[in-house]
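Dropping the structures in below, format is structure tokens.
Shared between the two complexes below is subunit A, which has subunit B as its partner in the first and subunit C in the second.
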Partner chain A sequence: MISTLQQYLQFPFVRYALIVGTLIALCSSLLGVTLVLKHFSFIGDGLSHVAFGAMTVAAVLQLSNDMLFVMPATILCAVLLLKAGKGARIQGDAAVAMISVGALAIGYLLLNLFSTSSNLSGDVCSTLFGSTSILTLTKEVVWLCAALSVAVVVLFVLFYNKIFAVTFDEDFSRAVGTNVEGYNLLIAVVIAVIIVLAMNLVGSLLISALIIFPALSAMRLFKSFKQVTLCSAVLSVACALGGMLISILAGTPVGSTIVAMDIAVFLLFSLIARFRA
Partner chain B sequence: MALITCRSLSLGYESHVILENLNFCVNPGDYLCIVGENGSGKSTLMRTMLGLQKPLSGEIVLGDGLRESEIGYLPQQTAVQRDFPATVWEIVLSGCQSRAAKRPFYRRSDKALVEENMRRMGIEHFRKRCYRELSGGQQQRVLLARALCATRKLLLLDEPVTGLDPKVTAEMYALIANLHREGVAVIMIAHDIAASVRYATHILHIGASVFYGTVGEYQNSAMGRKFLSLEGGDAA
Partner chain C sequence: MKKRMRLTLLACIAIVLLAGCEQKSAPTLSAVTEGIDIDLSVLSNTVIYSQIDNMLSEPWNYLGKTVRIKGALNFYVNDWGDSCSSVLVADATACCSQGIEFVWKNDGVSSDFYPSIGDEITVTGRFETYERDGSNFIHLVDADVAWETI
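Entry: the complex of A and B
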């Protein structure tokens, strides 16, 4: 088994996949706690569908580097959804549902009408479930992913204390003059960036799992915000690496293998928490 | 000079006016209780004083060198907080966020302030405990310590004893009275009129008619007498 792995690791695209996958897993786990506790998970889910829609538009336009289109489009929608979510709660939810389902439908329609690809359902499947896309990244996309991941981690570390404060108590933060709207905007934009990155790893339908499962697992066992954040980062990286290695050796789809690992860890942590109590 | 002055304030949402032409001020050393029935606009008034909401008309002026970021606020607890994975230390430290507004990390002086305020609230031995595992009274002490990190002059408390049992309620009132004696001005929304009259220096009663004055004036006013006897009747 080790020798098979060594053989695979000689291919540069496998090494790229492992590096980028690890980085993406790291940054996708960082905001998980905030997303869960702020009830922003619905925005995350909606955005992943938007990213799918944007990806199909990029495919139809035959852009060489589709991230250059998908990224701004998703960020724009993140900002719009945040604004919509500010009014009455129902309206915000409805807006998310409208945009996300709309993006899915229009995306599939566009692909059917204009796609020049011979393997349409294969393309759709890999965009939704990321079956092989992490292994087919070009060198420039690898660099772009790496740079963005590092940027997300740096931003998170710099604003860690403010993100904590705003997540725990928006009203208190606003009362003492913290720019809550600004930080919410920052969180939404970073989520959009993470989603577009994670689409390469697990596909657009499974992104929420990548973001939320490590945070939920860590919240079973740990008591401080810092421990929960660190633990979910470690879990996310471990599951992503483990999932990718298994999928290389066993030939399973990368995205769903990683998410299956995340689910297994969540169940394990829930069990441990129950025995402790 | 007054810490906070409200002049001909009107409150409400869009076209719906809740309160009109409200005038009062809070001086250093004051302990003001805001009383009134549910829906009379107590929380709206407090949110407006904190700048979380704009008044329909009128103005709120801060004085005596008080800046908007130096008001300590104890909000009512939200559902999110009850299940939040954070230690006491982390939460109290977040009270220093306005002191560290332009910096990404907290300084040693911020952490010293956290220590001081945890001691004042008697929660220093809870520092590593998880917030969601504490009792209601302990959680309120944590949030009060956080508010104290943001201010030395003025505390705004939104029903700080809601959901606490009588013994813990009495402890909480004593704690607040202590802070008042130490020189922190207090504005508190209260349900318990008897405790308000006992601890406060001033009463603001809002509703169909408005009263603002000292506790003595309130007890002698027609409005105060009516309300006090009503509450007394309820308790008996």
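Entry: the complex of A and C
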């Protein structure tokens, strides 16, 4: 098996996939802890559907680089959803659901009406489930993904204390002079960036798993924010790497394999936690 | 604690240096299958699909190379009315297919011995590109085609 793996690693697109996939998994796990604690677990799903809708608009308009449209559109939706706050007429989960299904439906409708692709269902399937998306990245996209991932990690490390404070107690943070709105905006932008990147790894429909499963698994065993974050990062990277390698060797869809690994780890950690108790 | 960290750091540096000293002699693809530069017939569907996608997006990396691929035979008529042959490989979810057009060696064989559409074939040919009406296409030329007869 080692020699087979060495063979596969000779392909540059396999190496790119492993590097970018690992970075994306790391980023998503870091913000996943925040999202789970703020009860915004499904925002990954909602934003990924918005990104799908934006991608279809970019395809219909035949933009050469769809990221130029998808990223700003997703960031805008993330800001609107996360900054809606307690005063919004349509609250959190309802707003996410509304935007999520709306974007998915409109996106697919636009593709059916205006697409010039010769394999529409294949393109949609690949975008939704991420069967081989991570293995078909161009060099420019690889560099962009890597740069954005590194930027997300650096931002998280630099603003760790503020993110921690805003996650657990917004009112107290506001009372002590923290710019809560600013940090919520930062979190919203970073989440949107991660969602757009993660679509390449697991597809639109499975992004939530990439965000929430590592955090939930870590919470089975650890109680402090730092421990949960570190454990979540390690688990996410391990599952992403393992999932990608298994899918490459066994010929399974990449996104589903990674999520299956995440689920297996979650069950294992739940069992360990039960035995500990 | 500081001493432990120092020792751990030294160990990591030592491992990295030793790994760097190891002679990199990973087998090249051509060493795996003699005479074949890129043998896709031994790879998983996921990687085959991705490799063909890479060939489509960066064909200059593969010009002149001998490629072997296993997949389903397909005949079709292109936009210019020419009959073409291609070998198709589906991805893991089987909803997407990638394929490469190929040109039979010696213009093919007599009709008695053609495989049928959908039959699994192994094609070995030289990777080339061609232009038609301003668009670039890829195909395998001088292709040897093997298939199992029942």
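The definition used in the following text is that the second predicted complex is superposed on the first by the 268 of 277 C-alpha atoms of A that agree within 3 Å, B and C clash if a C-alpha of one lies under 4 Å from a C-alpha of the other, contacts with A are read in each partner's own complex, and residues count from 1 in each chain.
In the analysis below, a contact is a pair of C-beta atoms (placed from the backbone, for glycine too) under 8 Å apart; a residue touches a chain by one contact, two chains touch by 3 or more.
This structure is a prediction, so every number in the text was calculated from the model and none was measured.
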{"item": "Subunit C versus subunit B on the shared subunit A, clash or fit after superposition", "value": "fit"}
{"item": "Partner chain in contact with A:L158 - subunit B first, subunit C second, else both or neither", "value": "first"}
{"item": "Which of subunit B and subunit C A:V33 touches, first, second, both or neither", "value": "first"}
{"item": "Touched partner set for A:R174, first subunit B, second subunit C, both or neither", "value": "first"}
{"item": "Which of subunit B and subunit C A:G182 touches, first, second, both or neither", "value": "neither"}
{"item": "Touching partner for A:F222 - first (subunit B), second (subunit C), both, neither", "value": "first"}
{"item": "Touching partner for A:S3 - first (subunit B), second (subunit C), both, neither", "value": "second"}
{"item": "Superposed arrangement (fit on chain A Cα atoms) - minimum subunit B/subunit C Cα distance in Å", "value": "18"}
{"item": "Touch list for subunit C against partner subunit A, complex", "value": "26-29, 32, 43-47, 49-51, 53-54, 57, 91-93, 95-97"}
{"item": "Residues of subunit A touching subunit B in the complex", "value": "33, 37-39, 157-162, 164-165, 168-169, 171-178, 218-219, 222-228"}
{"item": "Contact footprint of subunit A on subunit B as seen in their complex", "value": "47, 50-52, 68-71, 73, 75, 78, 80-81, 83-87, 89-91, 93-95, 97-98, 100-101, 104-106, 128-130, 133, 146-147, 150, 156"}
{"item": "Residues of subunit A touching subunit C in the complex", "value": "3, 6-14, 17, 119, 121-123, 125-126, 129, 131-132, 135-136, 138, 247-254"}
